[in-house]
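Labels run A, B, C and D following the written order; every chain starts at residue 1.
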Amino acid sequence: MTIQVTLVQIDNYGPWTVTPEPRREMDLQTLQSRLFADVAQFLGHRDAYVFSTRFDNMIAVTNGVDGAAHATLQESIGNRYPVSISLATGVAARPIDALEAANERLQIEGSAQDEGRTEVLSGEYLSETDRSDIQIAHFDVVDATGKYTDRLNEFDTYSTIQAAYGSLMRYLRRKHGALAFFVGGDNVIAVCPDLPERAFNAAVDHVAADVEVALQVGVGRGSSAHEAGFAAKHALEDCRHDGTSVELFGAPAAGD
Amino acid sequence: MTIQVTLVQIDNYGPWTVTPEPRREMDLQTLQSRLFADVAQFLGHRDAYVFSTRFDNMIAVTNGVDGAAHATLQESIGNRYPVSISLATGVAARPIDALEAANERLQIEGSAQDEGRTEVLSGEYLSETDRSDIQIAHFDVVDATGKYTDRLNEFDTYSTIQAAYGSLMRYLRRKHGALAFFVGGDNVIAVCPDLPERAFNAAVDHVAADVEVALQVGVGRGSSAHEAGFAAKHALEDCRHDGTSVELFGAPAAGD
Amino acid sequence: MTIQVTLVQIDNYGPWTVTPEPRREMDLQTLQSRLFADVAQFLGHRDAYVFSTRFDNMIAVTNGVDGAAHATLQESIGNRYPVSISLATGVAARPIDALEAANERLQIEGSAQDEGRTEVLSGEYLSETDRSDIQIAHFDVVDATGKYTDRLNEFDTYSTIQAAYGSLMRYLRRKHGALAFFVGGDNVIAVCPDLPERAFNAAVDHVAADVEVALQVGVGRGSSAHEAGFAAKHALEDCRHDGTSVELFGAPAAGD
Amino acid sequence: MTIQVTLVQIDNYGPWTVTPEPRREMDLQTLQSRLFADVAQFLGHRDAYVFSTRFDNMIAVTNGVDGAAHATLQESIGNRYPVSISLATGVAARPIDALEAANERLQIEGSAQDEGRTEVLSGEYLSETDRSDIQIAHFDVVDATGKYTDRLNEFDTYSTIQAAYGSLMRYLRRKHGALAFFVGGDNVIAVCPDLPERAFNAAVDHVAADVEVALQVGVGRGSSAHEAGFAAKHALEDCRHDGTSVELFGAPAAGD
């Protein structure tokens, strides 16, 4: 299992947002979400995943995307936006270690708010990919519509989902060095190291005990984020179909 | 103080994402963030604010935006996306109560996953606006770049900011019926009822005690979300300039 | 009949496209078409029309859109693109004269490639609107699909449509000071001064004689471009339904 | 010299634009230009070019882009737009013949307005690419800013540029089976078969005699549209620098 992670960072963004005076918030929101959408399209079409995270910093799983493609992405954003981006890439067995390696490459070049440090492109890229390089878990709240969306006000629903996400994210990070991201609705996608089925059962149990939200999770593997994530989505459909709470793609979850 | 809140909900989105089979995640991400960007542009140009929240459900502060404009937005999205949206609007003194009213209008029409319940447009709209209708607080982490971005890996930075956001959001909701949203970077925008300066000091203290993150906050008022939010941004610049942790627009924060 | 026309010009765009060296053409194309789309959304939601024209210069019919809205548009583009725009607005009975007035306001401030001349915002704006301020004609090729799209190669189809458009555009400009724009497919939208039905018959006849392309046209009036244009579209549907070649909204075209 | 051309056609678009009743024109314009921008980004990042042409039908030069990438593009558009696209690809020595081949593959499947004919994906794809597969000429008006943009009203400038484009496009099509596209501003990009320098001189002379517009042109070659087009842009910079009217990349144009 080898994961290639890319950190996408907008260069010197903080100062730009308030120079010469604060910019309209909805323009910043539009800029940020369109930039994310463009990166998602670029990487998505290469079977990679990117997560919006803090929007000024985004985390991507880029197995199969080489340095030349990273350079093209950087140039294209620079040509079309009033801001530029830096890209740093790392490789490791655990997602968190790959991200650490990527981050260090960027931090060594200077601060995120250093005017002189722009368009860094630094990284190591996997030259080969393997069918089982990546394991992705797609978590989802059981019956979110019936329990929350159709009953509570949206802020309280959101708050509940965020609490579940926070609990899950911190658990997976601490326990396994996995990176979990909220992707909208009631969905969380976790990029994992090599984990057995019982680890997912334990995660679901942890969240249920911690914040009383019932999760179900599909788990998949593949040579790219898309392949692993797609298998995970199909496995999640199996949970829905069979009423199970964990499904590994290809095999029913033990105890379900 | 009177707040008009609009709930934006994608109709029957859950089933669509998996029909006829699961759709590529990066396409969903692109769709969601572009839809949000379009709503942000539409409402932003009318001096309203919208927050991405769960993406399939977005919360907007729409003082000054009438029913006809809401109808135009709904039609335009319907014309350009493979999904449609419902819009429900409520009015109240406290943000949470306005949202509740909006939400009920939608829930009464059917479930978010009811195929037959599409393009609901329901609401009451303020016919007048007043200079002090809205109070917005723009919170931001003190020296996020130096303490986190340039030092930790991005996931741990993100996790820290999320923890601060979670703590702040739940505090403001419980204590004041305020709605706080993460807007990227290290920023949280809170839509508040009529609150005195000490309430903001207390919020900052709460987060510091709860999760050990130091916040600063600018507070502004206006007849629209943009006006109030813009004043808040300027007040936040005063915090930065003077090293204070709370600034009300126009007056220095007591005790700073 | 009073028409308000706005010229949208990207500031100093030529030099930008080749500095420091030529930029990738597909990035320029993306930038240009997204900028156009953003202007179209902004103005369209205010019932105005904008045409892509040369992309670095766009022509808009903006009855009902005031100076403040123009300023908001300019600021929003400046916040989100690597280029800025100038906006000049003129008012007259004939479209071409309104455009002339707008253009002069811009040209007087300096060249389109003058580095120092950026974000010009200059114009007179109609303070009132009237139901019959604008007359719009929506022209379309009869059975373009059957005669061209399904038979010829796309370039020859395109060439035929362009020839028809060129013939029509020059005729309407010369004869009536009307501004006709190709809007995709087989469609041309003409912004007209006050013209009687026989003028449209003559235009259709001219194109048939000049380049042997059969057109049909719906004509509408309104206080805004959208109102007039929408009536024109409905009138065009009447042409399709009745097999006529000219329909004025509300009354069948004489001689059909 | 071998060119791979892809025809992109929106499925059954005409009926969609008027069902259940005519859609707002600015929404159609936005949809069309964003769809074009998305195709431009997708293909552009693979070193291909696409031209907006009639927007419901677009023509692309796709040497180096295989069938799998075409399938990904089609799926992604289908996931994010209310309309779908068909893609047909052909290969030949002359651009027009490659397009003919592509077009026939689509026409054989049914009409552009046949409800049942959606998401056609049909084509032959080059398995190898060569440094001199593609020849692209980038034409541009000499001093367009000084002669037209800064002097005339924008419509008359546009009309002049369109006349020059029409003249050039028809000449190149008839004489050489080349496909020339207006790409904004005063620029025309022509996809050519193998042509000697004097052919470009003749084209420039033709337009000068026909419509009295002075052109300059840079010509480049490459294994992809981007490579050839980029070389052409650099050659055009040489024209600007040296005051010549034709430059082949690498060699000064004879007689200049």
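Annotations
In the analysis below, contacts are C-beta pairs under 8 Å (C-beta built on N, C-alpha and C of every residue); 3 or more make two chains touch, one makes a residue touch a chain.
Bear in mind the structure is a predicted one, so any value in this text is a computation, not a measurement.
Looking across A-C, A-D or A-B, the interface that copies B-D in more than half of its residue contact pairs is found at A-C. Compared on C-beta pairs in contact, C-D and A-C come out with C-D as the pair having more. Between the CA-based centres of subunit C and subunit D the separation comes to 22 Å, rounded to the whole angstrom.
Between the Cα centres of subunit B and subunit C there is a gap of 37 Å. Taking the mean of the C-alpha atoms as each chain's centre, subunit A and subunit C sit 43 Å apart. Annotation for subunit C: residues 24, 27-28, 30, 34, 41, 44-45, 76 touch two or more other chains.
Interface of subunit A with subunit C (complex): residues 23-24, 27-28, 30-31, 34, 75-76, 79-82. Listed in rising order, the residues of subunit C touching subunit D in the complex are 7, 9, 13-14, 18, 21-22, 24-30, 32-34, 36-37, 40-41, 43-45, 48-50, 52-57, 59, 96, 99-100, 103, 107, 111-113, 145-146, 149-159, 161-163, 166, 169-170, 173, 179, 183-186, 189, 226, 229-230, 233-234, 236-237. For subunit D in complex with subunit A, the residues that touch the partner chain are 38, 41-42, 44-45, 69, 72-73, 76.
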